[in-house]
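Attaching a single structure in C-alpha cells format; questions to follow.
For reference, chains read A, B, C and D in written order, and residue numbers begin at 1 within each chain.
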Amino acid sequence: MAKNHSAANRGPFNAVISANKQIGQRFYRLSLGFESAGAKAFAKLKPGQFAQLDLADTPLPPSKDIPEDLVDAARRKILLRRPFSFSDVINKDRKTLVDILYRVVGPATLRMTTLSAGDSVNIIGPLGNGFWVPRGKKQALLVTGGMGAGPLLHLAKVLTADHHGIEAIAFAGAKTEKELPFEGQLDEISQELGFSLAEFARYGVESLVATDDGSAGFAGPVTDCFSEWLGRAGLAGKDMIIYSCGPEQMLAKVAEIAEKRNIDCQLSMERMMACGIGICQSCAVECKVNGSSETVYKMCCEDGPVFDAKEIVFSS
Amino acid sequence: MAKNHSAANRGPFNAVISANKQIGQRFYRLSLGFESAGAKAFAKLKPGQFAQLDLADTPLPPSKDIPEDLVDAARRKILLRRPFSFSDVINKDRKTLVDILYRVVGPATLRMTTLSAGDSVNIIGPLGNGFWVPRGKKQALLVTGGMGAGPLLHLAKVLTADHHGIEAIAFAGAKTEKELPFEGQLDEISQELGFSLAEFARYGVESLVATDDGSAGFAGPVTDCFSEWLGRAGLAGKDMIIYSCGPEQMLAKVAEIAEKRNIDCQLSMERMMACGIGICQSCAVECKVNGSSETVYKMCCEDGPVFDAKEIVFSS
Amino acid sequence: MEEAVDISVDFAGIRLANPVFTASGTCGYADELADFTDVNALGGFITKSITLKPKKGNATPRIVETDSGMLNAIGWANIGLDKFIEEKLPIIEKMSAAVFVNVAGESIDEYAAVAEHLAGEAAIAGFELNISCPNVAKGGITFGTDAVQVTEITSAVKKAAGEKILMVKLSPNVTDISVIARAAVEAGADALSLVNTFTAMVIDIETGKPVLANKTGGLSGPAIKPIAVYLVNKVYNEVAKNRGIPILGSGGIRTASDAVEFIIAGATAVAVGTANFIEPGCAAKIVEGIKKYCVRKKITNIKELTGSLGIG
Amino acid sequence: MEEAVDISVDFAGIRLANPVFTASGTCGYADELADFTDVNALGGFITKSITLKPKKGNATPRIVETDSGMLNAIGWANIGLDKFIEEKLPIIEKMSAAVFVNVAGESIDEYAAVAEHLAGEAAIAGFELNISCPNVAKGGITFGTDAVQVTEITSAVKKAAGEKILMVKLSPNVTDISVIARAAVEAGADALSLVNTFTAMVIDIETGKPVLANKTGGLSGPAIKPIAVYLVNKVYNEVAKNRGIPILGSGGIRTASDAVEFIIAGATAVAVGTANFIEPGCAAKIVEGIKKYCVRKKITNIKELTGSLGIG
C-alpha cells in the first residue's frame, strides 16, 4: 500500500466552484477547480483519496429550502472540516478540476448546496491512500452503495485509462431508484448485462443496478445482486479484485462474499474525522494483526480510507 | 412618555432587502420592505424606535473583504439578535419600507454587508419608545454623533411633516469627514449656516458639521460646535428642545449643555441587548429617581431607548 | 394520528400539559412573552428570581456574547416580593402553565421568607430554589457548591414552602453534582433543576478589562448543552431515578431535538432559556416538535422516552 | 518596528521564543504538522499523552461535533513509551520549540515510570502531567479532582522528573480549581496547564444512544473559551501570581485575540488545541498576530501583558 509521503503540499488550498448541480432529490455534484499549488497537489489524486472541506462559513440555504428533518440540525454551527472523496479529476490548462458527489445529511452538506460558480472553498488534501491495483488482475468488480459511487467512478476511469488488461463491471445499489446518485437515465440493456449507467458506460464499464425496494433493477441489497451475479458467472479467484465503497454494513457483506470466494477486496471506510491528517486519532478502524487474535486501531484518514478487506474487524 | 403598549404584533417578521448601499468606508444604508402584518406593525414606527435583527445565518463577506481589524472577531458565530434603529420609513402600496444606517464594527454588522436585494432577514419590532414632541416647542436641535444620525434623520422628516410650528436644525459630528454617515456632497452654505447635508436638507433642515480632525466643518467635537452655536445665538429656554443620538460620552456632554441652558433634552441610549423586549434585564440604564438621591435601573429596550436627559446617570 | 401521543407529564405530583418550561430570568415574571407566543402553550413557567426586597442588580454591561453562548451578570435585578405579589400574581392566576417562583436571597432566612409569603398562593405550583447563580456576591453559588449548606437551605425552605413543590436548581460548577443533588433530595427537594450557568469571563483586549461590569458572568446557550446533557444523565442515574425525583433539564435548548436529548438523558421536563431571546416563540414550537418526534418514533406516551438512554 | 517587540517568555526557568504551544493530543508526537505549518515557529510543543505501554484507546465514534465545540473520547490511544523513544525522540531532537511530553497512566507508579525514563533526555524540556483526562476509566480525572491525590502524584512524578520542568494539567471539572492548583504547586509543580476538557455527552435522538462509543467525552473548542479564561484568571490571582508559577492557558484558542485574552487573564503562554484540526497552520499565525497586537498597543515586552487584568 503506497503511503502518502510527508513533505507533500496538502494545503490548505482555495478551490473555486465551477458548478454545483443537483442530480437527485438530495444528491449533488460539486465541481471545483484548483490553480497553481493546489492544482499540482490534486493533479495526481488517486481514486479513493479524499479531502477536508471547511464549510463553516458557507451560508445555509433559505429556510424554505431546508428539509423538515434537517431544520433542527441546521441550527448547529459548524466547527470542523468535513471529509469528501472524489468522483473525477481532470487536468486542463494547468488547472485541476475535481468532482465531488455528495448527499445532504446534515448542517455541512446542507450548506454545501448553496455553493455556486465563482465561490471558493478552503480545502486540505489530497489525503489518505486510494485504491491500488495489484499485479495480475484481469477483472475488477466495483460494488457501490449510495454515495459510495463517487470514488468508484473515478476508479473506473483510471482502470480504463491506465490498466488496459483489466475489465471492470459495476454494481450500483441504493434504497430506491431516486437515491441512485446518477444523473443519466437508466437504460436497461438486458437482464444479464444490466444497465447502461451513463456515468460508468463512458468508461466502457457495464453496470448492474439494485434497489432495496425494487424501483429499479434488482430488487434487494446490491450485495445480493452481486453475490448472485458471481454465482451465475461461477467466478472466483486470484485474477479478480473487488473494490467497494458504501455504508459499513454493506462493506461487511462484501468482505464476507470476497472471503468466501477468495477474491482480493479493497474497501473504502468512513469514520467521523476531526483532522483528517493523522493527528487527532478520532478515526480509528479496528484491524486484525497478521497471524494473531489481537487487533489494532489504524487511522482511517492516514492508513486508509481504503483498506484490504481482510484487515477489517466489523463491529456489528 | 408614550409607552409601547402590549398586545401589539411585534413579530418576528420577515423583511425583504431592497438595497444595501455602501455610503462610506464602513457605512451602509440597508433598505428593507415589510408586507402584511410586518407592514402594519412598522407603518407607525416612531423616530428612535428600534428593531432586533437576526443575522446569525447571514453569510460573512469573502475573507478578502474582511478588514484586518475584524478578522478575529469574524470567527465568532453569532447567537443573539442585534438592535438597530431606523433612518426612514415610507408607506407605499400596502408595503412599509424602512432604512437602517449602520456601521461595520463586528461579526453581525460585517455579515449585514452581504445582504442584497431579494434576501430576507428576520426582525422583531418595532421596539421601545421613540422621541416625543412636548407641547409648545418652536425649535428642535438635532445633535448627532457618527451613526446616531439615523434616527434623527427620521425625526427631522417627522418634524417637518407633522409639526409645522417647529423649526429644526441639525448638528452632525464624526471623527473625520469620511466617517460622516451621509451620502451627498458637503456643500458649505456659509460659515454661519453651515452645510447643506442633502439628507437633512430635503426636509428643509439646515445642518452644521463638525469633525474631530477638522477635515470638514467645525474642527472639534460636535458638542463644542453645538455649544458655540447656542452661545452665538444666545438661545436657551423652554420653546426649544434638543434631540440627540450618538456615543455615550457625547450624550453626556449634550445633557450637560442642555441642563446649563435649561433646555429640554431627549437622548437615545445604547446598551448591549440580549432580548430587546424587556425580559432579560441586560440593558440597564441608571436613572435618577425624582426628588431623591437614589437611582434605579430602567431598561433601555423597554423604557427607552429614548430617555429624558435629566433622568440619566452617566457613568464616567 | 397526533391525538394518540400523550406528552403530558407527572412532575412531582402535578400534571403538566407538556414537558416544556421557560427558564428563570429569560421569560419575565408572568406574561411578558405574550406578544410573541402563546404562553398557555407551555407546560411550565419559571419566574425571574424573586428576593424579599427589590434589587437593582449589577451595573452594565450585564451581558456579552460568546461563541454559541452568552454571559450574563444581571445580579438578581428584580422587583421584590411585594411588587411581585401585587402586580404579577394577578396575571399568573390567569396562566394555564404550572408556575414556579424562582426564589433567591442572601441568607437562608431570606429564601425561607420569600417561600413562606407565597406558600399560600393557589396560583403557584411551587418554587425553584436558586442556589446556583454565579453573579451575586453573597448567597447564590456559595450555597450551591457545598452539600452541608444545600441541606440546610433546602430543609429551611421546604418547611416554609408548605404543600408547594420545592425544586432545587443546581450549579454545574462543582466536582460532583450528584453529591449536591443527593443533599438537596434528602433534605426535602421534590424536584431538581439543572443546569444553571457556568462561571465565565470575557476580556476586551482593547481596554484590557473584563467586558462585564461584574467582571464574571454565567455562560448559557448552545455552547453548554453537551455538558448539561451529561450532568442531567449523571444526576438521573445516580440520584433521581431510584428516588422517583423529576429533573427539569436545561442548558442550550433551542430545538425539539435538543429537548428530546435531555429527556432521553433523564429529564422529565425541560426549560428553555437563552433561546427565548432569539426566538421568543421557540418554547411553543418545541412543544409541537416533541409531539412530532413521538409520532414519528411511535412513542405513545412520553414517559417511555424519559431516561431511556439507560446507561451507567 | 516589529523588531522592537519581545514576545519571548520565561517559562519556569527556560526561555521560549514565543508564548504559543500546540496542545497535547492535537499535534501528534513530534513533527506531524510539518506538512502544514512551520513547527519551529512554535514556542512550545506538547506531545500526545504517553503511557508506559502502548494503548489502543476507545472504540469509535471517538469524536462528535457540538455547537462551537467538539467532544473527544480518544482514550489515551498512543504508541507507548518505548516506541516513542525509538521513533519520535530522534525527530524531537531536531525541533526548536520547547518540547513537553504529556504523561498519563493508570497508577502513580506508571506516571512516575514514564517520567523517569525520559528525565535524562536532553531534547525534552519537561513534562505535562495529564491528571485531568475525562476519557479513561482508571487514572486521569480521578486524580485530578482530589487535592490529596494531586499532591501524591505530583510529588512522585516530581522526584522522577529530575531537573525537567513539571507542568500539571488541571481539570476544569471541579468546584474550586485553586484548591487543586495549590496542591499541585505545593507538591512541586513548576508550571500549571489549564484547562483540559469538560466532561460532556451528545445523544443521537434517532438511535436513543450516546454518539460516542465511550458514552461521554471531553468538550473542547471555542464553546469553552469564556470558562477557561475565567479559570486561568482565578488560578493566576489565587495561586500562581504570588508564587511566580507560570500558567499555560488553553481552551478554545483559535486567533491571536483569543491568545491575548488568556495572556491578559494571567497565562504566561497559551496552547492551541482543537483549532489545529481546522487550520493546521493557526498556531504560527497566532504568533504573528500576538506580535502585531503588541506593536499596535505599543507593548515592547509581552511580560507587560501577562496578568495585566489585575482584578480579584
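As a convention for this text, a residue touches a chain if its C-beta (ideal position, glycine included) is under 8 Å from a C-beta of that chain, and two chains touch if they have at least 3 such contacts.
Only a predicted model underlies this, so the values are computations on that prediction, with no experimental measurement involved.
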Set of chains whose contacts include both chain C and chain B: A, D
Most widely separated chain from chain B, with each centre as the mean of CA atoms: A
CA centroid of chain A to CA centroid of chain C, Å: 47
Approximate Å spacing (C-alpha centroids) for the pair chain A, chain B: 55
Centre-of-Cα separation between chain D and chain C, whole angstrom: 34
Multi-chain contact residues (two or more partners), chain B: 76-77
Chain D, residues touching no fewer than two other chains: 66-69, 221-222, 257
Touch-based graph of the chains, sorted into line, ring, star, complete or other: complete
Touching residues on chain B, where the partner in the complex is chain C: 6-12, 54, 56, 76-81, 124, 271-286, 295-297, 315
Residues on chain A engaged by chain C in the complex (per definition of touch): 71-73, 75-77
Interfacial residue positions of chain C with respect to chain B in the complex: 25-28, 32-36, 48, 56-70, 72, 74, 77, 221-222, 274, 276-281
Complex contact set, residues of chain C against chain A: 67-68, 222, 254-258, 289
Interfacial residue positions of chain B with respect to chain A in the complex: 57-60, 62, 77, 120
